[in-house]
Amino acid sequence: MGNCMGNRDVCDRLKNTNVRWRLPAVCFVWQLSMIILFGVFVRYNEESDTHWVDYRKGNNITSDIENDFYFRYPSFQDVHVMIFVGFGFLMTFLKRYSFGAVGFNFLIAAFGIQWALLMQGWFHSLDYTDGKIKIGVENLINADFCVAGCLIAYGAVLGKVSPVQLLVMTLFGITLFAVEEYIILNVLHAKDAGGSMVIHTFGAYYGLSISWVLYRPNLDKSKHLNGSVYHSDVFAMIGTLFLWMFWPSFNSAIADHGDGQHRAAINTYLALASTVLTTVAISSLFEKTGKLDMVHIQNSTLAGGVAVGTAAEFMLSPYGSLIVGFFCGIISTMGYIHFSPFLEEKLKIQDTCGIHNLHAMPGVIGGIVGAIAATAATNTVYGDLGLENTFDFTGPFAKRVPTIQGGYQAAGLCVALCFAIGGGIFVGLVLKLPIWGDPADENCFDDEIYWEVPEDEESVPPIVAYNNHMIPNKHADMRETNFVEQ
Amino acid sequence: MGNCMGNRDVCDRLKNTNVRWRLPAVCFVWQLSMIILFGVFVRYNEESDTHWVDYRKGNNITSDIENDFYFRYPSFQDVHVMIFVGFGFLMTFLKRYSFGAVGFNFLIAAFGIQWALLMQGWFHSLDYTDGKIKIGVENLINADFCVAGCLIAYGAVLGKVSPVQLLVMTLFGITLFAVEEYIILNVLHAKDAGGSMVIHTFGAYYGLSISWVLYRPNLDKSKHLNGSVYHSDVFAMIGTLFLWMFWPSFNSAIADHGDGQHRAAINTYLALASTVLTTVAISSLFEKTGKLDMVHIQNSTLAGGVAVGTAAEFMLSPYGSLIVGFFCGIISTMGYIHFSPFLEEKLKIQDTCGIHNLHAMPGVIGGIVGAIAATAATNTVYGDLGLENTFDFTGPFAKRVPTIQGGYQAAGLCVALCFAIGGGIFVGLVLKLPIWGDPADENCFDDEIYWEVPEDEESVPPIVAYNNHMIPNKHADMRETNFVEQ
Amino acid sequence: MGNCMGNRDVCDRLKNTNVRWRLPAVCFVWQLSMIILFGVFVRYNEESDTHWVDYRKGNNITSDIENDFYFRYPSFQDVHVMIFVGFGFLMTFLKRYSFGAVGFNFLIAAFGIQWALLMQGWFHSLDYTDGKIKIGVENLINADFCVAGCLIAYGAVLGKVSPVQLLVMTLFGITLFAVEEYIILNVLHAKDAGGSMVIHTFGAYYGLSISWVLYRPNLDKSKHLNGSVYHSDVFAMIGTLFLWMFWPSFNSAIADHGDGQHRAAINTYLALASTVLTTVAISSLFEKTGKLDMVHIQNSTLAGGVAVGTAAEFMLSPYGSLIVGFFCGIISTMGYIHFSPFLEEKLKIQDTCGIHNLHAMPGVIGGIVGAIAATAATNTVYGDLGLENTFDFTGPFAKRVPTIQGGYQAAGLCVALCFAIGGGIFVGLVLKLPIWGDPADENCFDDEIYWEVPEDEESVPPIVAYNNHMIPNKHADMRETNFVEQ
């Protein structure tokens, strides 16, 4: 029941949001391209191939349980839930954009993971003996991670773009992600287990830059839909909680086997717990009567997980994690209260979900915390072997020391920022072309534009007169049947 | 607030839907029978018995981590979520049948897993030395699988049957399932890790056959309830996403340790991703203005997981999985658009959830893909050991070759179809007996019949006159209190 | 839209529910204390520390997969979901207290896990060589368990207390829990893998005692909000199902490696299945027309999991588990029908969620079942090694025999009850102080008091007159725009 009910013609004239040919064409062509590229490039790796039986015997591996699958699959499934239910439902808070939130999140993630397997595969998993990308469970996790960057970016433009624009944004986003990730992790040899820099900083500034280019001065026209209703806030909490609960899996999913994964999970668990308390404190403190705001609870409680991402694998120590969470809860909630209005009014960045507060600032903090933690690493704390293992000071990087590593970590953060902002502006300009079927200012945040929305008894405006039977909706006859003769 | 509000007497005269004695009697007697049968037959297997400590030592197993529990428990829990939340919430899309969807799904699954442990136990896990069924985590997974067949069948008759009928349907369904499974997997020695044939083809045609026998020519009388509202569609997406995300666990849960589980998860992940894009494409293409239909997104996006079930464990190769998903998204969505109306009008099969499109067609495709993939298996691709392991060409089947295996796979598909259709017609006739308390045509898709439904402010028809205080609901006094004197 | 709409002044005079300084102060101070205490006391244990690499080599551990992380992390994540989504959503059934249910559950759990790590750490994980608490994944699980006790207690006072009271209740609850747990598990050496006594009995009677002290004779004034609406009941089913599905992980999470965890999962799976059927039976039997009541389905179906907690690890045998579930489904549902009204009217205990039926009675039954199962344990059934391992008859307890163990199990139950009731009364008295900002009797069960609640189209009372445009809410202008000129 958009705001041009009974007046759809006017709306349609405002902007052509019919994506009937564009959306199917993009989906078909891109999916066919995926099939062809996978046919040419992608194969199972040695742990997912039937030759594993031989490989195991050849390498004195005593049990199938040492297949990487068993180290990482539980975490993979948790990450998978975060991507599809976590991000999807977190964005259902808008009163009439739940289909778009969950549905488009689903669409772009499903496309993104395929393209990510290719892009990341070329950079990280290419077997030079036969030119094939060899995939296993770790690639699936990394593909999910890569998509996370694009879903974060979606949060900034939620409700203001068409599904075709989202797909284009994802195509470029994944591409940029794979390159910056390669530079940060492989060239600079920075560590970023939970992706504070690679995923969150990149994804958030990518989305914010796009939103800046796509600035809509008249977005006020959809203001009445840019908010929540009671049940949509409860739906959003499903997203929040699954993100919050599974974040320890996110940060530990591709950490080192053994203590690496173990420690990353503990650090994340603690940082997140701490964030919840400071989020509640700030939310209550800045409201006249001390009431809590659902927007903060839904979002800022997650900031600690973002900020502890880079350092999750390090010997951050339990209290270190709590401190990171403590400050991020404060900063993120303050961001919603003070910084978001500034961002919109002064910098002309419209950020529907407030990703600047949830991902951008905590992501940058995470990068800095990682740099400091790396710089401060000592043999005493890590042990000789532990230090070497944690930072992979092997091969060409055998001579690197923690202080130098700290510098490279900081450099990694800069790379993420450059790719995000530069890439975002470029993609924003591409998305500004008047060919993508984006909604008019009057139709933002409205599922009606891209979805068949059911006639909804609940949302039927309750203007009904008893005596003269003026019932402005299709259920009229049913209701009359029920209530006639009362 | 059913459609005989204020006129409940008429409704009650239509059909006796009072299940007060029938439902408790069935629950009690069957549960008692379960206890007795479990007492006689079911024991822990060597990995869940305290004698595991001795067994481990006696068999040179170096670590507790090699207990099958650690290979399969994470997948088991994912499958468990699919059964109870996935199937349950997928069916909440109807505006006034969410209690029935989630609640009856819960009831029949809870009964079904017990009966399945017995039925499958007698066929697969009977220890002939003492006549006991020995159970472990793999049995729990298989029981969940077995129940999945019945829950699929529930989708066809959703809203049109009583809980007693559902329990009867489950009792027979599990029984038939266990027999067809034994014939397919053990006698024919066909492989079906993800159950395209055993679970999906069987479950879907079983349910469709029952629905055909129970055809209701006057179902139109409940037409106004046979649809969704905005929030019920969002609830259904919870089901969709948990099914979609955990399907890799479903298809890999009982696959071979090591590369088998690893590969099955990858193949399923890819097939499902591909399906999403073609589902969106077709959904948009066949609607005049290119809008998406939630019914397709909720259901057809899952078709790839069904269709890749049988071959998930095989060397289908990543692009092979994408191709399977590609076509299933198209076929399934086209099914909703074109085939479902045909099924209802011409074949007189009323299929509430469209299981023909989600499970039946993709299941058959999955069986065929499996047969082709088996036929095409070569020593070059699989390796000698790998081929033997994947297809279990050992013992009495040591001499079987891939081409022969392909034939047996195809035979398996036929067995599934025969059991489903034959069994379904028989059970449908049983359910036609006028003793099960099923709803009248006027009361289908209505929770009011079998549930205490709360007085719901939201659903209260908004016929309220201000001046003369004619407020046809119980909250009247409360409202008057609030608004008097405005 | 509380019941003092347009009359907020009156409400505010009734009771000061402004928590603006109290809530932030408690959150900040307590979180800072946590950071300091963690800084002084908490460190990684040998399996989550970088020294694991050395430890592994020094202890001939052949693979990283033997790190406890891989034994317990999947179960940990399931438990984590139960704590935050399970308990949180189970309590969303009230029509206007979903924010409080999910949000305060989130807050107190996030605080509780930190305090639990310290309290339990001092008792169980203190390394006497350096005075530090060494934590790993098992500590995280135990912290979640500890919090579960407080969340159960929350169920009794849901909607009637302020967030500050909840935090105080959690502070004391965790403290009492850690002490009673130490006495039961370490001093008495009772076994309680799933916490029937330690978690459920304690948590439930703790909450009921508090509720008894905080008895509100005029709670009727909020009666209209003390019930569900259609969608809130569906939300609550999310909580129910995640609790139900993951309960096998709950009861097996800290059980012995290998067969212990395996068996605990099987027993719980079976007990829960059985409970569902008897819950449905009783629910239907006691309603005139045989309809089912959502309250029973949401809660009583879980009683089997509670009651099988203590004995889950024992050789209870599959049919034994079914029997436990069978009776608990009956008792719990009967409790809702007959005992809850008695509790409120005669004993003056107001129990919002009916935790007496879901946790208290089944918890006590679980303790008794555990005592009987321990007493009945024999070498024949368990094997010599198995008996020793299951009951840890080693070290100072090497000479204990099953019959004696049974006595200590029973003693453990008494300890849990004493701590719960004694502690609950004390904490109740503390919470009676008029400084915590609790709601007036008129404002219970209402999110308006502590949350910014969105203007909700759906909940807008449908008092709208067409002709004279008297529309008592803020959406008036929007509606007029839409419907003018009809």
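Just so it is clear, A, B and C label the chains in written order, and each chain counts residues from 1 on its own.
In the analysis below, contacts are C-beta pairs under 8 Å (C-beta built on N, C-alpha and C of every residue); 3 or more make two chains touch, one makes a residue touch a chain.
The chain list, named the UniProt way, goes like this: A, B, C = Ammonium transporter Rh type C-like 2.
Predicted model, so just to flag it, every value in this text is computed and none were measured.
Visitor: Working from the CA atoms, figure out how many degrees chain B turns to land on chain C, in steps of 5.
Guide: 120
Visitor: Could you check if the interface between copies chain A and chain C is built from the same residues on both sides, meaning over half shared, or from different ones?
Guide: Looking at both copies, the contact residues mostly diverge.
Visitor: Indicate the whole-number Å distance between the mean C-alpha point of chain A and the mean C-alpha point of chain C.
Guide: Here chain A and chain C have centroids separated by 31 Å.
Visitor: Multi-chain contacts in chain C: which residues touch at least two other chains?
Guide: Those would be 62-63, 65, 70, 74, 231, 238, 458-459, 462, 464-465.
Visitor: What does chain C use to touch chain A in their complex?
Guide: Residue positions touching the partner: 18-25, 27-28, 30-32, 34-36, 38-39, 42-44, 47-54, 56, 62-65, 67-70, 73-74, 77, 80-81, 84-85, 88-89, 92, 96, 98-99, 102-103, 106-107, 110-111, 113-114, 117, 135-137, 140, 163, 231, 235, 238, 449-460, 462, 464-467, 475, 478-479, 481-483, 486.
Visitor: Where on chain C does chain B make contact in their complex?
Guide: 3, 5-6, 62-63, 65-66, 70-71, 74-75, 78, 95, 224, 227-231, 233-234, 237-238, 241-242, 244-246, 248-249, 257-259, 261-263, 265-266, 269-270, 272-278, 280-282, 284-285, 287-294, 297, 301, 315, 317-319, 322-323, 326, 381-383, 385-387, 389-390, 458-459, 461-465, 468, 470, 472
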